[in-house]
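Here you go, one structure.
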Amino acid sequence: MSLDYENNSDFHAKLIEDVLSQYPDKAAKRRSKHLGVATGGEGSSEGANAVSECDVKSNIKSVPGVMTIRGCAYAGSKGVVWGPIKDMVHISHGPVGCGQYSWSQRRNYYVGLTGVDTFVTMQFTSDFQEKDIVFGGDKKLEKVIDEIEELFPLNNGVTLQSECPIGLIGDDIEAVSRKKAKEHKKTIVPVRCEGFRGVSQSLGHHIANDAIRDWVFDKKKVEFESGPFDVNVIGDYNIGGDAWASRILLEEVGLRVVGNWSGDATLAEVERAPKAKLNLIHCYRSMNYISRHMEEKYGIPWMEYNFFGPSQIEASLRSIAKHFGPEIEDRTEKVIAKYQPFVQAVTEKYQPRLDGKRVMLYVGGLRPRHVITAYEDLGMEIVGTGYEFGHGDDYQRTGHYVKKGTLIYDDVTGYELEKFIEGIRPDLVGSGIKEKYPVQKMGIPFRQMHSWDYSGPYHGYDGFAIFARDMDLAINNPVWGLYDAPWKKKAASATAVAAE
Amino acid sequence: MSLDYENNSDFHAKLIEDVLSQYPDKAAKRRSKHLGVATGGEGSSEGANAVSECDVKSNIKSVPGVMTIRGCAYAGSKGVVWGPIKDMVHISHGPVGCGQYSWSQRRNYYVGLTGVDTFVTMQFTSDFQEKDIVFGGDKKLEKVIDEIEELFPLNNGVTLQSECPIGLIGDDIEAVSRKKAKEHKKTIVPVRCEGFRGVSQSLGHHIANDAIRDWVFDKKKVEFESGPFDVNVIGDYNIGGDAWASRILLEEVGLRVVGNWSGDATLAEVERAPKAKLNLIHCYRSMNYISRHMEEKYGIPWMEYNFFGPSQIEASLRSIAKHFGPEIEDRTEKVIAKYQPFVQAVTEKYQPRLDGKRVMLYVGGLRPRHVITAYEDLGMEIVGTGYEFGHGDDYQRTGHYVKKGTLIYDDVTGYELEKFIEGIRPDLVGSGIKEKYPVQKMGIPFRQMHSWDYSGPYHGYDGFAIFARDMDLAINNPVWGLYDAPWKKKAASATAVAAE
Amino acid sequence: MVRILPQTKSAAINPLKSSQPLGAAFAFLGINGAMPVFHGSQGCTSFALVLLVRHFKEPIPLQTTAMDEIAIVVGCADHLEEAILNLKARAKPRLIGICTTALVETRDEDIAGDLATIKRKRATELTGTEVVLARTPDFDGAIEEGWSKAVTAMIEGITRSRTQYRDPRKVAILPGSNITVADIEYLRETAQSFGLKPVILPDVSGALDGTVPDHWIPTTYGGTKVEDIRDLGGAMQCIAIGEQMRRPAEALQRLTGVPYVMFESLTGLKNADRFIWLLTAMSREQAPASVRRSRMHLQDAMLDGHFHLAGKKIAIASEPDQLYQFAGFFTGLGAEITAAVTTTGTSKILQVVPAETVQVGDLSDLERLAPGADLLVTHSHGRQAAKRLDIPLMRIGFPIFDRLGSQHKLTILYQGTRDMIYEVANIFQANQHPPTSGAPNPICSRELQNDLNSSSLARQ
Amino acid sequence: MVRILPQTKSAAINPLKSSQPLGAAFAFLGINGAMPVFHGSQGCTSFALVLLVRHFKEPIPLQTTAMDEIAIVVGCADHLEEAILNLKARAKPRLIGICTTALVETRDEDIAGDLATIKRKRATELTGTEVVLARTPDFDGAIEEGWSKAVTAMIEGITRSRTQYRDPRKVAILPGSNITVADIEYLRETAQSFGLKPVILPDVSGALDGTVPDHWIPTTYGGTKVEDIRDLGGAMQCIAIGEQMRRPAEALQRLTGVPYVMFESLTGLKNADRFIWLLTAMSREQAPASVRRSRMHLQDAMLDGHFHLAGKKIAIASEPDQLYQFAGFFTGLGAEITAAVTTTGTSKILQVVPAETVQVGDLSDLERLAPGADLLVTHSHGRQAAKRLDIPLMRIGFPIFDRLGSQHKLTILYQGTRDMIYEVANIFQANQHPPTSGAPNPICSRELQNDLNSSSLARQ
């Protein structure tokens, strides 16, 4: 059910030109590499590099005084990879700032008794004071770990999420980790994700992946009886319950989800992952490192999948099923067939209200490409998309999704994005909270595509219905029709009195 | 623990004189009969008529354009006597007004599933329209009863609370009642409590009492095994849970409360009342009629009691116990002894904060006298009291309670009460919601003594603690200290600039 | 097109409406130096008084003719006369507003004739006091009708009919009963900010706003002056707010020729824009900076709030004008009215309520129609249904006795609409249902299933 | 006398405080044409920005020097310079406000020296733009301290020190960080209503109030003008609101001789009276009718509300000035502060908080101390404790991300105090525990028993 349309390449090229013309030459040159127009890979032909013409550069340093939208390594480790592991206490190690800023920003849902055996929505910090900076914080860190052990005895481990100062003051958090792990007989994982490392949250993902490899895998004897249909879902953080929606679907086709990384996950799920038969990767960007490692070391193959919108759900389910053979394939076809009427009802209800609506995206992770088809399944068109912290391989993958002429922007600034939106005036922008208010003030409907605006899940068939409803609610809300002030209008003649 | 003090008789006499001087002669003469100063019956000597000197007249017609504080017969029947019977549906029969006005005004607590087997906080009306007035409402009434029977099959009966028009249009609600009672095999009670009957809610009590006698007693075979210590609590409407507090206490001394009229009551409790050994009357005003009838017809003696404040609780418990002999008397002494430390703790906490505070009361029912000792138990003094709709026998009973010089006012007008309060400036006024806001705006602490201001219960020992706390919270609230506007003050000289 | 469904039962169970005379008394409370009088038995007055006090949390002047059994036999006129004279002597009101109750209307006497006689006979004693009669039996209408009749009676009884000098800056504003003290003040300030001289009738922002007078005043204090009612004909324009005010506006036009403009509602950006545009046109002044700024604030609140309101299912029970006002507010932000219940089926405004059906009925009808809604909107008596249904309740209308400050809530024009958006959005934020691990999102799914299976597919 | 209890743990669990640089940025957001810059790694800025956006629901201009691993080795000055120049070129701000973070402060460089060098070297490029430095490492203080330091830095860096003509109607108002957009507007209107000319520093009522500009503005819009900061010495009087503002008020006095008056809080009748009295004295004008009327409204709200607040047990966690403001509000209506938690123990205002003890700590301390309370009062992160303890939460302070309109809530002077009384009384009314048939009133009894058994008897 792929939609056929093409965006206006010339107009988009002109937009880029206009935007760049406002910069000093040097800055314009630097920024020009991040902006481009898609050549059109014509659907999903393998290997086609749809964005090659525009040569979008990505994963490059931000410029002081220009960029602010990206996060840091700490955000990538604490905020994305480690934070959702629910039975561990994640200490924001350093001053109070980072942890407080990020507290409850992502809606990583979970099941558990918060503060007893589960800690996701709590916030722990070693709350460095000046003396800790001057004299070092290792002693304090030990006390913090002891306190946590005492106050929350049901925790299954601790991670240390390093903030910037840790990397400067020469603390040996690895030594502390080893010492306390032994003492409390718990997993303690030091993560060197100081915010100044790398150019975005992306390096934090990598560091966090490596910490799993180095501090979790093969450290304990794992008692786990594996089965022929065991899979790990990797890189689904259960935003708004997405991972639950995915799990339900995978179980329906006959698979057993033995681990979900890391939404609603336990440490045990991470530990036993190497025993699964297949890794299903949702967020490639944040978890490809450890997946490749598992492939290499334990021989577990991995594949990407996409559960946004029925077209991708069907395609993904079928290719997953193929991996497991006829039995699963049969069940898969039945599941797909079962949901057909539901999909049809959703489409019939919402497509008339959404058909031809034009969407611009700007998000992190996998969403700048993965959600595209879900929009198209509803008759909507993607006119522009971009990543906050994508790499070259992200943009390559994007080529499979975008149509010719689509505007592509990497690590875009507020100024650039606003100019693009102003020029294109799409019917909907899907981006993050930072972009929400400026876009809405331009009179353009908006949905958060990081956190689904308190809604969700968007994965799976049920999620598609919610997704469709949310887009409809945003685009077709009556508030968008009410923007001109009466003192801006010409006075009507009813009372024959001149206004103004 | 009776407090010894005397109020200023001369000053109070002067206040009455001042108030009357503002009236035209005729009105002054009429009103003068309702105002007086107590001579002081010196405690509780039987028969002493402490208010005889002032000769307070009561239960007399209000004057058009002068009085508004009293209710009507409908209020006395629906609002007081019948309304709290929880398993019956009480239809406000006539236009929507009366029922809607009075809905949820009194906090008659109950246990039950509202709308299923219990209906106290619901409001039912036959909602007369013009055509019902013109053509009569009996047919509509039949339909209403049928609807109720259908919608609420677990109701145990229906009462018809007549509003004014019913008495004028010649409807035969008694015939309808008989017909429908037979048809549905339910108790249906017509009550002729039209608002124009009598001078206040008081006649409504009487009519409602008579309706119990005529339409409930001896109409069904009552299966009930009575015991030697069975009592009915009569005239406790369970405001704020008062009846529950009383029941707990009575059960503690060994009695069995087989009926509570009518707070939290079922129709069955009313039906079996004639089988009890003693009627304990809380609100004499509203229930003396039926108590006298039960005494006459079934030979059940009755006695009044007072569970406000430890002095009266003890006295009442002892005289109740005396009725049942040594076994109950023994238990009673033990109960009294058991609560001594609690009473002492309450008194020790609150008396220092309330000692010598002067109180004016103006309430309905029994409270103008019954709560007096509770205040005195905390060291507070009553400077004035009066009834909204008292009779002569109420004022006689009051004599047992009030000290010499206490100002007495019957069916007082807003103007009179305000003048008295202004003259006396007591530390607390205890009255109803209508008086609350004017009194508070005078800068004088206030508590509602009809409905305990969402608090309660005030009966029994626990209730005394709540009562003490509430009075403390009212009197000692910091808001009373903050009343002068800065523009009313002389400018202080700090900045040497003249204000004003 | 909305279908108006007639009452389904003979009984009213948990009635939505209050009695008509209470609406009339409420209107008289908006006149300076007024004394509303219930012509009926003393019990109604006492009851109504208590309800008014519980709602406003203020002393309320309200009097009674104290009809009794004898008076009912011999006729009402004497009691009426005695009440008026006693009131005049003691309280010296500028206005006595008689509201008839079911009792005296059932007797079908010539009350207007009686009153005319009393006024003639007692002309000297009554100098300086207007006496106005509103025929408001309890067995007809509700608060809106009573309010409307009282205002009409005042215009017909007090306003001078002869043509007079029209002040181009003077504007008569006739607000309906569904307006708060804060609304009135905001209306006045807004009109004044354009250099206009608004006369608001009735003006409940005086006696019912929670001021603390320093001496005993038996009547209302604050509110429309009787002289201002008399001189209403000097206005250039009349603005009627709410369909219920068409009747008094037409009375004014008939008497004085002052033309009127109807605003069915002043809530929502569009209505507020139209109102501001009218003030601009009348005053020939630009909208002042504060008004422009308020509009921007509202726009922003709409942006921030629409997200929380969009798609929400609302069940409202209210009198017709208020029903229209709130239904329009909600649908204007993308919510849907899934249940609408009102008091009487006669108001023309019901025809344009943005709902599929409007049920004439009571709160038991609301409770029957509301399951599945995200919000109940009605007065305080809806609280038990809200609890039983586990749906949050937004309190509007009369009575609101279990919350403070209801009179100080702004509900109209830019700022009032903004405040309401915040209030409602915050109710929804406080009552979110996160998804669970068992089902993706039981709330959403269930509702989607319902939607998909029901005829609502065809609706839009 | 209140006892200040030091932190009980090394860890902060569910921290109460936010970082100091965020407080400084918040203050810079109150300057017209300003651009706050975090001097640190880009992640902090991004995080802090998101938090500010979630709280204000507005676009927030906030920039970063984007420190990276190389910069950390070779020094911060280059990144600082590049950031300033890039900002200047693109956004042309009137003010660049540098807020240092833990990262650069840990390196212990001479940042002030670096900045002086940059300003000297780039004087031409930077013409028309003030650059101000607030030293606000994350490992010290919280929002109040950051705000205070930023305001002090602006006065020390921008205000002209030489003596100048004193305008007898000009008054400098320095509000603390515990003030809302609505508060600022109300302060300004109130001072203006006395004929005074208030200069409010910082003035967050411009860019953070929810206006909708019609074109892209990279900096703040609205707020205190840089010229007004320069000319602060022309004020007759300075009013500092909150203990945190003593430092900037003293800086102003030192520089210009303008005397200051401290208001520890503007909430509550007494504080509002004192403020109005001061305006009266300064302006030699009577309080205008609207102010008098507001005072009556507050009195009435106190009458209506004290009943609901009296005896209630309140658990608050907030920064010192706000803690004092709210604790005073509650105790002024007869409630009792049974738990008070704050961010830092150094503020002098803590000595006069009306509570037995003030715990320096986090929300886990609040959760430990709050059981038995009737109300929790803290920012949005208190919601989980509120749920676990089944105690309603009143949201104050920063961040409030799960409710709309927090910036449009008035909390000061007559009207703000009134609004808060209504809000709190309504929370209590919505959370009543009626007695049950089993025990007279389990809530009351239990609490009375506790009272009677505890030392609180001796307390009063």
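Here are a few things to note about the model shown:
The first chain written gets the first letter, and so on, giving A, B, C and D; residue counts start at 1 in each chain.
Keep this in mind: a residue touches a chain if its C-beta (ideal position, glycine included) is under 8 Å from a C-beta of that chain, and two chains touch if they have at least 3 such contacts.
Predicted model only: the values in this text are computed from it and were never measured.
Shared contact partners of chain A and chain D comprise C. Between B-D and B-C, more C-beta contact pairs join the chains of B-C.
Centre-to-centre separation between chain B and chain D, using Cα means, comes to 50 Å. The centroid of the Cα atoms in chain C and the matching centroid in chain D are 40 Å apart. Note on chain placement: the centre of chain B and the centre of chain C lie 34 Å apart, centres being C-alpha means. Between chain A and chain B, the centres computed from C-alpha atoms are 66 Å apart.
With touch defined as above, residues shared between interfaces to two or more other chains in chain B number as follows: 437, 441.
For chain D, the set of residues that touch two or more other chains comprises 57, 212, 299-300, 303-304. Pairs of chains that satisfy the touch definition comprise A-C, A-D, B-C, B-D, C-D. Contact residues on chain B toward chain D in their complex (touch as defined above): 107, 109, 111, 240-241, 244-245, 248, 264, 342, 345-346, 348-349, 353, 437, 440-441, 453-457, 460, 462-463, 465-466, 469, 472-474, 476-479, 482-483, 485-487, 489, 491-492, 494-495, 497-500.
Put simply, chain A touches chain D in their complex at residues 23-24, 27, 61-75, 91, 94-105, 114-115, 121-130, 132-133, 140, 143-144, 147-148, 151, 163-165, 167-169, 194-197, 199, 201, 414-415, 418-419, 422, 432-434, 436-438, 441.
Residues 57, 209-212, 293, 296-297, 299-301, 303-305, 308, 402-405, 408, 418-419, 421-422, 425-426, 429-430 of chain D touch chain C in their complex. Interface residues of chain C facing chain B in the complex, by the touch rule stated above, are 9-15, 17-19, 21-22, 37, 40-51, 53-54, 57-59, 62-69, 71-72, 79-80, 82-87, 89-90, 101-103, 105-107, 137-140, 142, 212-213, 216, 218, 381, 384, 388, 401.
Here chain D touches chain B in the complex through residues 269-270, 273-274, 276-278, 280-282, 284, 286-287, 292, 295, 299-300, 302-304, 306-307, 310-311, 331-334, 432, 434-441, 444-445, 448, 451-452, 457, 460, going by the rule given at the top.
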